[in-house]
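The block underneath contains the structure these notes are about, expressed in structure tokens.
To keep things simple, chains are lettered A, B, C and D as they appear, and every chain counts its residues starting from 1.
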Amino acid sequence: MQIGMMGLGRMGANMVRRLMRAGHECVVYDINTASVAALVKDGASGAASMEEFIGKLAKPRCLWLMLPAAITGKVVDQAAGLMEPGDIIIDGGNSYYHDDVDRAAKLQSKGLNYVDVGTSGGVWGLDRGYCLMIGGPDGAVQHLDSIFATLAPGADAGAPAPDKAAGTAPFGYLHCGPSGAGHFVKMIHNGIEYGVMAAYAEGMNILKAGNSGKVKREADAETSPLQNPEYYQFDIDLPQVAEVWRHGSVIGSWLLDLTAGALKSDPSLANFGGRVSDSGEGRWTLKAAIDTGVPAPVLSSALFDRFSSQGESEFADKLLSAMRYAFGGHLEKPKAGS
Amino acid sequence: MQIGMMGLGRMGANMVRRLMRAGHECVVYDINTASVAALVKDGASGAASMEEFIGKLAKPRCLWLMLPAAITGKVVDQAAGLMEPGDIIIDGGNSYYHDDVDRAAKLQSKGLNYVDVGTSGGVWGLDRGYCLMIGGPDGAVQHLDSIFATLAPGADAGAPAPDKAAGTAPFGYLHCGPSGAGHFVKMIHNGIEYGVMAAYAEGMNILKAGNSGKVKREADAETSPLQNPEYYQFDIDLPQVAEVWRHGSVIGSWLLDLTAGALKSDPSLANFGGRVSDSGEGRWTLKAAIDTGVPAPVLSSALFDRFSSQGESEFADKLLSAMRYAFGGHLEKPKAGS
Amino acid sequence: MQIGMMGLGRMGANMVRRLMRAGHECVVYDINTASVAALVKDGASGAASMEEFIGKLAKPRCLWLMLPAAITGKVVDQAAGLMEPGDIIIDGGNSYYHDDVDRAAKLQSKGLNYVDVGTSGGVWGLDRGYCLMIGGPDGAVQHLDSIFATLAPGADAGAPAPDKAAGTAPFGYLHCGPSGAGHFVKMIHNGIEYGVMAAYAEGMNILKAGNSGKVKREADAETSPLQNPEYYQFDIDLPQVAEVWRHGSVIGSWLLDLTAGALKSDPSLANFGGRVSDSGEGRWTLKAAIDTGVPAPVLSSALFDRFSSQGESEFADKLLSAMRYAFGGHLEKPKAGS
Amino acid sequence: MQIGMMGLGRMGANMVRRLMRAGHECVVYDINTASVAALVKDGASGAASMEEFIGKLAKPRCLWLMLPAAITGKVVDQAAGLMEPGDIIIDGGNSYYHDDVDRAAKLQSKGLNYVDVGTSGGVWGLDRGYCLMIGGPDGAVQHLDSIFATLAPGADAGAPAPDKAAGTAPFGYLHCGPSGAGHFVKMIHNGIEYGVMAAYAEGMNILKAGNSGKVKREADAETSPLQNPEYYQFDIDLPQVAEVWRHGSVIGSWLLDLTAGALKSDPSLANFGGRVSDSGEGRWTLKAAIDTGVPAPVLSSALFDRFSSQGESEFADKLLSAMRYAFGGHLEKPKAGS
């Protein structure tokens, strides 16, 4: 079927390619004309303006936006002004689901359908397929089924095909509920992702410290001594451990696969400095936990470690040192690396 | 090759079966004679006493213990008294790696080899293979290679066979270091497991609260109101969400596979009460983190939630209510379910 | 000076009493006429309706609201309709500071002043004085100075009087910034309060477990054994420990004073069940931390423990037990008390 | 009464001074002869060797050690060799209570008494008095009562004297139980201290971020945007807020007094870099919590933040960035300050 894609960054462009490979007709638009040209070369129909773009779409128009969350709202408004009742706007970016709920209500009053699609799969999605979490009105979601089926990974290779009548989840896409539900589920997916990642990272960090007993520690009143150095004499080969855990252990996962790959290519991870970004969903997951009174100590610990890696503990830590000086005359040791 | 297995519970018996399927010769012993008889029927050679058991083993004797951690030490001492220099004792149970380090030193003075094997794979290991994390002297570990190769999952089906010269990790077993290193790595594996499990559990709990805005809340000074009920109107189908995440998402894992299975068979998990046991390794992982000064906020949060599920927050919580009453006259609301 | 007080619950009524003791003239109103009558008996001027109430106030009218946060907004609107440019509305309740910011903007357009006052001191404030954190326009805050000075504790008894020119903080009240700043500071005050309370509660809970080594533990695969019972043979007298810490230790505090009092009156805290309420500010503090990217692992842990005490971990914990059953065949132990 | 003090660092020397002021007779010894000389000038009786030191003590000898934990054990052994049944060794340093339990058993077999005294009060103890948490045999502890009473703060000035028959806690010292109990209670005191300190530090850090909405944020995919900058427009005066909280608020404490002092002398805390040491007791508290299965999420979060401030999150954070790069192609932003 035909679909219009606006926002041709890495994610958007790859989705267009995956759709065209399966025979879908793609109309594409981006303010970056080179991005448009590249896909036109691959068989897409390009547009040079929003008006031309929407004009090329057959009714009911299906317009998929793959934009930075910060500008999605403005573009939705602009596009909506050029569309007609029955048309569908799909937001496949990383919008906050609150915005989806508000936007859908506004568009519904004009007869437009709003579908939000949380998309997981990262740079691997082109070949591996994208896991799609979808929110929106039944009719519109159903209308887009073949698009979703193509973007998603599909049934597991080699296994008997699941019964689609029992739901599309085994094919890698799911209609989660009304508008907002897709990004709501994707938000929590990312919150979990932070927690799972941190579990591996903390564990690997402890493994790495398995040889602490070999290291000469400073002996001063500000350094807590290691009581039993004889139990910390292990030089653990982290890349090999990550690899062995991939085979038959309880903690096998795709993130572990990636971890093993990263450690294999450089066990010291020297290309990284340790400043870990966070991109919104982890924060929103925590806010949802707080709003609803659900304990989330693991997910919050993972988020706060990222904040801390960004340098945001500094003032609190200075204050702790200041208190220690005030009650005990403890002089601070210099920061590592300074 | 020949191996003696003592401790024929679920794990030990299944390992014997997996070894015999591959042609290894197994001598078996357990104080429960029925367990011995069952495996003899399947082709093992049985023993009725420790003496008979060890007498049946060819030199160098390879004795694998699959016992509760609490009795392993005593049995090691007893067996060691019947063995000779060059023999090998393998502890495949869940011993604390400190005990391995101590035991290995003691046995080494008698010329005996001690090999500790952390084993992951649970009830699935018989067919899926066990991920093995191994500590011990090079010679002894090498001597047991064909046993490890059989117990482990082996190379991934369908993929090109990895180069064994580059290490055995891709086959699912790894010599991690000297005695104790196997259980050290397994310990941290379980610490990570707690964190990963908790990440999914917390996320699912927040998803479940997606419909909080539909629920009538008590309006009293002791209940924090939900500020924006319009954003919590989602009835999320948890089994379907767990299923869709298995296909192409960043958080796909074996634990997620099991989660999806558990939710599918009963979305309400009515067979469970929510008292989560912990079995030692999670605690020891945290102690290692503390000894070595490595931050582990996620792993500790996961562990402490289990303690809390066991009722161990109660006194602390009573004290919090007592403080609230003391400064603000706040009367406690009754516990849910009481 | 004259002030009108609406909302004569425990807090509001006690504030009126403290103000009248110092010679201020109080006009009072509440929908509960008995509350009005009680204060009239003590010397206040009562009102039977909002109109009468506001009619009794001299210009510029100073109207202090001491209401549940849920109804404050509506009452502000209603009162504002009866007031004139230059008048002052003071919200001394527990409003979310976002509401203050919004409300102040709205009232400012009508020439009305909005002052938000975060009030700490609980049931002890009548005699001890209230710590006041104030937000609002300079002129209005200055106009109310004598009211604030009366409600606050004032300079420490026995110490040389601080120089008021250097600020009012040593007297127990502070103009923190524009409208909203008062409740913003009070919100974080409460966030800290949760953390401090939890620190004591956790510590006391560990102290209480000092005799764990004397207790016979269940010996089963689902119970982690205590490795060194000889180190847990202490029957600590918690009320005495809380008391001794009040004298010269680093952790002396008012909350510790209250803790010691509560433990002294009943060391087993049998009147409490352990369901700890949270009242909004702790949640909002965390949201502010998340918005601004500031790590708050201690404050969030304290909040999530309260959620957990309210039963909100249950589904997550059931899921953990379900996973353990799925990979390891672990059967759940029954919940304590069930 | 007479007491021997060995270890004349800041703590030991000040304790001798406080004891002599009250008329006690002090024999002092240190390998640093200048420290001995300084106290001899003030009236103490000095010694030049362990033998001379112990020889000067009247029976039953009372020998108080105020030494770094790392050397206490060796000195106890040495002193014990020179002492006789009925004599008393007091460890007033920061020993691990496990060592106390072991040492007391060993000394008891020689008829010697071992008393462990956890001491809080820091550099303020000379004038303010020390809070003493005492473990050891009844007779020995009773024998030392007048020493403890002098070192402790004593009854609150201005208040009616408490009844000593009801216990010594109101005077600032407490016999907590058998040997080890003193340091056990002190250990948990410090664990709580970490939590309380962190609660203030986190809260102050959030307060400081009250003006985040005024700051221009980088707009890139790796920076989470601030959704409602209008609610973060507050320039909070931290020293004043710390000061006002000291007067009548729920969170007043001695640590808050010190915090207010530190912020007053330099609101930017420019003399501190934010590397927060930890000194053993916080770690041991967590180990006790883990051993006994008591949840301690707040105390552990406080401890792990200190580890993190020491640079120990670095490898874990690098691994998180490596994973983000692997699944999403996310490029790391540079570390602040690098």
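Convention: a residue touches a chain if its C-beta (ideal position, glycine included) is under 8 Å from a C-beta of that chain, and two chains touch if they have at least 3 such contacts.
Just so it is clear, the structure is predicted and the values come from calculations on it, not from any experiment.
S.K.: Under the document's definition of touching, what chains do chain C and chain D have as common neighbours?
M.R.: A, B
S.K.: Could the interface between the copies chain B and chain C be described as same, meaning over half of its residue numbers are common to both, or is it different?
M.R.: same
S.K.: Quick check: more C-beta contact pairs in A-D or A-C?
M.R.: A-D
S.K.: Among the chains, which is located farthest from chain B on the basis of C-alpha centroids?
M.R.: Centre of mass proxy via C-alpha means gives C as farthest from chain B.
S.K.: From the C-alpha centre of chain A to that of chain B, how far is it in Å?
M.R.: 29
S.K.: Using mean CA coordinates as chain centres, what's the chain A-chain D distance in Å?
M.R.: Computed from C-alpha means, the inter-chain centre distance equals 43 Å.
S.K.: Can you check how far apart chain A and chain C are, centre to centre, with Cα atoms defining each centre and the answer in Å?
M.R.: For chain A versus chain C, the centre distance works out to 37 Å.
S.K.: Where in chain B do residues touch at least two different other chains?
M.R.: 122, 198, 200, 202, 205, 224, 227, 250, 254-255, 278, 283, 291, 293-297, 301, 304-305, 308, 310, 312-313, 316, 327
S.K.: Work through the pairs of chains, note which ones touch, and then classify the graph as line, ring, star, complete or other.
M.R.: Looks like everything touches everything, fully connected.
S.K.: Once bound in the complex, which stretches of chain B touch chain C?
M.R.: Chain B residues touching chain C: 10, 68-70, 96, 122-124, 197-198, 200-202, 204-205, 208, 219, 221-225, 227, 254-255, 258-259, 261-263, 269, 271-280, 283, 297, 301, 305-306, 308-330, 332-338.
S.K.: Quick check: in the complex, which residue numbers of chain B touch chain D?
M.R.: That would be residues 250, 278, 283, 286-287, 290-291, 293-297, 300-301, 303-305, 307-308, 310, 312-313, 316, 327 of chain B.
S.K.: Which of the residues in chain A end up touching chain B in this complex?
M.R.: Where chain A meets chain B, its residues are 97-98, 101, 120-122, 125, 128-133, 152-153, 156, 158, 167-174, 176-178, 180-181, 184-185, 188-189, 191-196, 198-200, 202-203, 205-207, 209-210, 212, 224, 226-228, 230-237, 240-241, 243-245, 247-256, 285, 288-289, 291-299, 301-302, 304-305.
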